[in-house]
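Single-structure report; data block below.
We just call them A, B, C and D in the order they show up, numbering each chain from 1.
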Amino acid sequence: MPNLAINLEGFRNIVPELILGGVAVVVFVLAALQRTSTDIKQSPKGAAARGKKRWQDVLFTNISALGLIAAFVFLFYPSRDGSTTLFFGLMVSDPLSTFFRALVIGATFLCVLLSVGSPSVARDRKGEYHGLLLVMAMGMCLLAGSNHLLMIYVAMETVSLCSYLLTGFDGRLDRSREAGLKYVLYGGVASGVMLFGMSLLYGLFGGLSVQELHQAIAASSALDTPVGQWAALLAVLFILCGLGYKIAAVPFHMWCPDVYEGAPTPFTALLSVGPKAAGFAVLIRFFYGIFLAPGDMENLIPAADSIPWVLVIGIISAVTMTVGNFIAIVQNNLKRLLAYSSIAHAGYVLMGVTAGGQEGFQAVSLYLLIYLIMNMGAFAVVSAVDRLHNSEDIRVYQGLGRRAPLLGLLMAIFLFSLTGLPPTAGFIGKLYLFAALIHQGGFWYVALAVVGIFNSVVALYYYARVLNVMYLKKAEEPVVTVSVGNMATVLATLLAIPTIVFGIFWQPLAKAAQWSANLFH
Amino acid sequence: MSHVGLEHFLVVGAILFTLGIVCVLTRRNAVAVLIGIELILNAAGLNLIAFSRYGGQSLEGSVFVLFIIVLAAAEAAVALALILAIQRRLKTVDVDRTDSLKG
Amino acid sequence: MPYHTTSTLLTWITFVPAIGVGVIGLLLGLKPLLKLKQGTLDRLSRLLALICSGASMVMCIALWSGFDSTNTGIQFVHHAVWIQAFNIEYFLGVDGLSITMIMLTGLICFVAVVASMPWGLPKENKEHFSRRSVPGYMAMILLLEMGMLGVFCALDFFLFYVFWEIMLLPMYFLIGIWGGPRREYAAIKFFLYTLAGSMLMLLGMIALYFASNPTTLIDGSPCAHTFNLIKLATENDFGTAGMLLGVAFPKIVWIGLFIAFAIKIPMFPFHTWLPDAHVEAPTPVSVILAGVLLKMGIYGILRICLPILPEATVWARYGIAIFGVINIVYAAFVCMAQKDLKKLIAYSSVSHMGFCLLGLAAFTSQGISGCVYQMWNHGIISPALFLITGVIYDRAHHREIEGFGGLAKQMPEYSAIVGLAFMASLGLPGLNGFISEALCLVGAFPVFTLLTVVSVLGVVITAAYYLWTIQRMFLGPLNQKYANLADLNWRERFTLYPLAAIMIILGVYPMPILHLMNQTLDELVAPLAAAVGL
Amino acid sequence: MGENTFPLWLIPFLPLVGAFINGAFGYRLQRRFGEPVISAIGVSLPWISFILAAIGFVKLQGLPEGQAVISQLWTWVEVGEFKVDMAFAMDPLSAMMALAVTFVGSLIHIYSIGYMHKDDGYWRFFCYMNLFMFAMLTLVLADNLLLMFVGWEGVGLCSYLLIGFWYKDLNNAKAGMKAFVVNRIGDFGFLIGFFILFWSLGGEWSEAGYRTTGAFSLHFGSLPAMIDSMATKTLWGVPAPTLVGIFFFIGAAGKSAQIPLYIWLPDAMAGPTPVSALIHAATMVTAGVYMVARMNFLYVLTPTAMTVVALVGAVTALFAATIGCFQYDIKKVLAYSTVSQLGFMFIGVGVGAYWAGTYHLLTHAFFKACLFLCAGSVILAMHHEQDMRKMGGLGKPMPLTRWTYWIACVAIAGFPVASGFFSKDEILWQAFNTDALLIPGWIPWLLGFVAAGLTSFYMWRSYFMTFTGKTPEVHGHEPEEQRPAVTGVLVILAIGAILASFLGLPHLWMHIPSAIQQFLSPVFGAAANLKTAGYGHGTEWLLMIASVGVATLGLGIAWWLYRGRTSTIPERVLKTFPRIHKVVYNKYYVDEAYQATAIRGFLGLSRLSAWFDFKIVDGMVNGAGTITRAFAWIDGAIDTYIVDGIVNLVAQTVKAIGARLRRTQTGRLPTYLAGLVIGVIVLIVLTRFLSDVYG
């Protein structure tokens, strides 16, 4: 019978989530107040009103930004090196979760900044927008820290619900609503399937927290009977379906391009990074937490042999990156292109998951962190261009290198990084992934690495296509140099710096990733 | 008549699940798809309840179901909101018509 | 032996161009603030490029004067830990193999920068590459120079790889932005080919890394594996490393690396990117491409494949030789059929690099020295040839060999230089090309008698296509269209005469260069020669 | 093994200086100061070289027998065992050659002053001529094979430049290219021989591969001593010496215009006449003979190679002579006579009579140069008319030319007392008497003997056709004698042609070995112990008389047919055998044959490989290439041919796949959900399958 003290102890560990939740509430309340106030005053759409609204935009941005910063700070204070399970094993607070919580908070922070003055969010709905973002951030944090099937489900649903709403948030566009609808229905099915799988697992092993399942599987004889094997197999694959949907892995990726294209650009940026990262955290924790031999990062328990899930994930990885890259080649909408590229990148990261072990997890953490930087950057440029031309079509990028040299340069940097060429951070990420695989050394591991290599070359083709359009093609219209001074550009510039710097010196990143990549502290 | 056991519940759950899947695959009306989702969720819920009752295990399963119900309601709310919005703009809730985003 | 830092000269040589890039970038950024005119900006960036590449070249000469050719070890070492977490070191150094290449790079890049100046061009020629977005162009050239110098200086595999890849981007843009009509196609083709190669190299590199034995970094801290090329060669025997992808480890890794390098050489059948790249690239870029970039492949083989995977190299030597001969003869034949002067010269490069492959495959000291000396000579001759092409292209705006005729009357000085360069390239004794080709063949003969005989036939064909070109372009009645072409101007003289002088001097007195490399190369090739019982 | 005091290197170097000055500044000099400056530089330096050569010769006399004057400059190339010096050596053979080259060469330079007068390429001409002198002297004075090869290629280059001197006429340019390329084919042989020689000196091949056994060297001084170690070694199952000998002879055949590589020499007559005299008669073409003589110690080891050399020489001698009989272009006649005479020289060096071959080389240098220069002066007089049928009776207006030409004819036709007689006769006798070949000696003798008769005939034919009969009108005025710069040279050469005979008065008459034989004996020591058939003096007398007889016969027939251009017999004869005449007149259609086979095949091959590169290699890289082309062919979109390479692999194939995959993204939710469900099912099946495979 656990005593109250432990629970209070536990709350100290989820201060960031509490802060986020709290700030979210505040924002919602303010938004409601502002809405009513404007409704009552019936203020004419005058300059004053617009000025007021801009002021509100700034207000909400600042509040949520501060909230996120505070959450980030309290995430590392008190410093948590050890690993503690909270709330009867519902959650765990260990380096892995801390790292990914930091990641998602950072992503949300960037998204908030990116949303400043974004045309796709109506000024008078900023409040809800930021509120939802904060709740989503909280959800992602919980997801990253969850250690228990129930917790996984709840957190994931929190994230999903917010994303559904935010996807459909762009009042101007039908495509936004359409995306939202598709997203919610698809997500519903996926999570339903996962839930069914969870129920089976619960039935088989009579536990819901990762530790219980771990011990149960190691002990129980359920896997000896064919029925048991079938059931376990179904359970695992159903859950994989839910997680695969979160990280947009083939064949659970089909919602992804439509949603990315439909959603407001800043939110797409977040969507392509945050939930993915949290999803990977769960993926690692669930599978390896259950199937790793206790205290041993490298080897699995014998019971795992009856379900070759590592191989399955490997195959999914290969298929995912290939499909993502191949379809990306024929895309003409930058957002959609980046959507497929993000599918491909999920495939790359899955290489790390397949490799497993300290190095595999380190590679995953590192890659996701770098991917956060470079992909956010790319989306920042896209939204900057979006504000210039009000379009994401590749045609509007023609001659961008001449017309807006800065944007062109930044885009080039991010694209090279996404391709994985030195001296950019993207290369480092790839390096660690390949290294992890090759160090495993088995035939299938190296084969997967070769597939990865092949894909990197294919990927070059569509990234370079954008470069071609920006630099090699001459702009039809007379070349007018446009200078873009807005948040998106500033953000892109700020993100370009680490993209280069971490490509040349990434020691701290590597250390952090290594620290995070351990399930047994 | 024999005693109702775990298996019966599981069979019902499985059937519910299958029906749900079939429903989401076949129906073109967004609301119907939503209903299918509900079926799937309830199938899972039924399983959990059954296991926690018969498996002689902790109450976690039952607790889980409460969460499912809550979240299912929330999800339904969101979904219906979006469906309404679509309905207002496109005058249709047919998920085959909403295909402006593709490729 | 651990090499501790003895000098930072190499770092300077490598990164001075990078400084130039930085300054140009800064100017571009501050352009609005400083109210710079585009013209001033262009002039400034040209000046910067001249200064930086010039400084690099001067330092290369200093390097040469300070180099001790009797010492087969690494000299001018700059050695520090770079990324502790991955056991990556910042390790620069030269030995007899790389010093020649570094000097070559310094020289050729400077020549290329000079050749990128618009001096002596008619004013109305606004679309000339030397007048289009100059700052970007100069920045790219300098970046490229940094990459190439880095590759030749780097003695840490990872560092080597990074520099190797850095060369890709500027080359892509230089061809793609300042190139000819089909530049996009050529650029992306170059990019894809090379990237495919370097990706294979990446895998090979990682594989070698994880197969290497524990050792210590330069700061003494122990490391489980190493990228240090010297340690990889001396402290590891990969012959015992088991299987990879079902093939013996050394062989599969060797093949991966070799393909990566073969694409750069370029070796048949991976050579088709070269003609396109050359034809589309602006003259100075072709100069660098032919003068230095093509040397990367052979250099990589000599620096990595030979010392680190000797047994695999021995295993593959017949393959290398055969492909070398194919390069020589086949490409020579292709040259005969070319109509575009630049394409002809591009293919002749393919043919000449074949001698390198043949030479190094023999593991005789003559062969290996001939190989490296051939790299050097080709690095002197082919830039001259491309400059020559540029001269005529700037005047006549086309390169169709058949389109000229009788130019000897109109441009005697130019014709003389062309004659000299062609003779050097076809290996006329007394000029540098002959020495290296002869050395390659002499070295290869005892091992691959028949193959060598075949490749000597290539020499005959080479003479044929060069003379035929001369005949079609310079002899016969003057094509009246070109009755008013100007002869060489001072910029062209300034770029061509030094190269011409080197061709002659190193033809009659090649020892200065040969001395630099002989000892190192003998040591490099000795174990392999022993393995084949020479 | 030699002394190093005398700066031999100056001998080739000075002409090089001249070439450089005239090449770099000649254009301006000529415009500023006129031709004299050019010629002053161009002519004086070769003369100084001649003087230096003479001094070197004297020094050589001072040395004990078997030693050479050496001048060592620097180490040229040194890699491993491959060590070559930049060094010059003068032993009797090279001394003789150097003297001949500088003397005849300088004379021809003087001649050119007159001949090239008022040519706007005057400076260029002297530049090339000096460059040639440099190359030729490097060739003969080189101390090692590689340096010799420099000269070897250098003379080839210069002949290329000089043949194409009047490059505005594309035919001249083509002739030059032909010369260079054919020479290159010869060089191919030279190089291979060079490799085999080098490596088989210091090591040997076996099943296990190549093994080093001893020391390497390429210096002529040290080669004879080491050469015996080669005798036993083999490569490709053939004795190394034989291989080396034959490959070297291929080189020699290219340079010295022997079958089958002689075709370039007649075309080379396109160059200015002094060039024909200097390069294509006196000096360069004899390089092959010189080289074989130089390598005598190698050839004595291998009867096979000797036989090849002798036989090819003999056949060429006869073959070319037959063609010469039917030519009308005076320079063509001389050209084929040169080919034929070179054949004689090769008979000499082939049968081991090295000194005789070399001696003939020397005498030939004089009388053939004389003949060409006479022809030159005739051509000038006829305003560049070379067809003998349009000439005749030139004897009266230009006596000096006539009589010098007459003397030269006497010499070449081989009448006693004139130099040609002794050299040629010695060769024929030695050929008859040899037993060192795989074939009896009388075969080359017979061929040579007939050739000698024909030589006499066609030379006298040319003489009579040119100088006898009635004088034609050329451009309305009498042809007249040339200025002294021309005629003087003719006289000197004619005298030389006579005097040269005293160097070679045969043993048979003097009862002591001839001067030249004695002088050269240290170089040709190896030849001393070659087997002879041992015929006596009687036989030698007999042969001597026979060859005089045949020469007389040739003279007689020529007299009968062409004296005074009156007889109509020749025309009638030709009418009777039109076909034969046609064939021979057209040089047996050899050029046409080459054109049809070798050259066309070569070009075809090059086109083929270009096509291959364009279509297949790029195609191979691009898997879709062939298919793409198939489609392109169907809808006739030719430019689809052009797109190639890996870009296409990605562009076509991957794009196609991408487009297909993209269709799955229908935008309809049911599809997506179906995708999800099917995905799960597939995964289930897959996993089961895999776990069966594994478990």
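Odds and ends about this structure:
The definition used in the following text is that a contact is a pair of C-beta atoms (placed from the backbone, for glycine too) under 8 Å apart; a residue touches a chain by one contact, two chains touch by 3 or more.
As the structure is a prediction and not an experimental result, all values here were calculated from the model.
Listing every chain that touches subunit A and subunit C alike gives D.
Innermost chain of the displayed assembly, by C-alpha centre distance to the whole-protein C-alpha centre, is C. Centroids built from CA atoms put subunit D at 37 Å from subunit C.
Subunit B and subunit C have centres, each the mean of its CA atoms, that are 66 Å apart. Centre-to-centre, using mean CA coordinates, subunit A is 26 Å away from subunit B.
Rounded to whole angstrom, the centroid-to-centroid distance between subunit A and subunit D, based on C-alpha atoms, equals 78 Å. For subunit A, the set of residues that touch two or more other chains comprises 181-182, 185, 189, 193, 257-258, 330, 461. Counting partners per residue, subunit C has 188, 192, 196 as the residues that reach two or more other chains. Contact with two or more other chains is made by residues 24, 33, 95, 98, 100-103 of subunit B. Chain pairs that touch one another: A-B, A-C, A-D, B-D, C-D.
On subunit B, the positions that touch subunit A within their shared complex are 10, 13, 17, 20, 24, 30, 33-34, 36-37, 40-41, 43-45, 47-48, 50-52, 55, 57-58, 60-61, 63-64, 67-68, 71, 74-75, 78-79, 82-83, 85-86, 89-90, 95, 98, 100-103. Taken in their complex, subunit D has these residues touching subunit C: 23, 27, 74-82, 86, 146, 149-150, 152-154, 157, 160, 164, 167-170, 173-174, 177, 180-181, 184-185, 187-188, 191-192, 195-196, 198-199, 203, 205, 208-212, 235-236, 602-603, 605-611, 613, 617-618, 620-621, 643-647, 650. Those residues of subunit B lying in contact with subunit D across their complex are 21, 24-26, 28, 33, 95-96, 98-103.
On subunit A, the positions that touch subunit D within their shared complex are 181-182, 185-186, 189-190, 193, 229, 233-234, 237-238, 240-241, 245, 250-252, 254-255, 257-258, 305-309, 311-312, 315-316, 323, 326-330, 458, 461. Within the complex formed with subunit A, the subunit D residues making contact are 650-651, 654-655, 657-659, 661-662, 664-665, 667, 669, 671-673, 675-676, 678-680, 682-684, 686-688, 690-691, 694-695.
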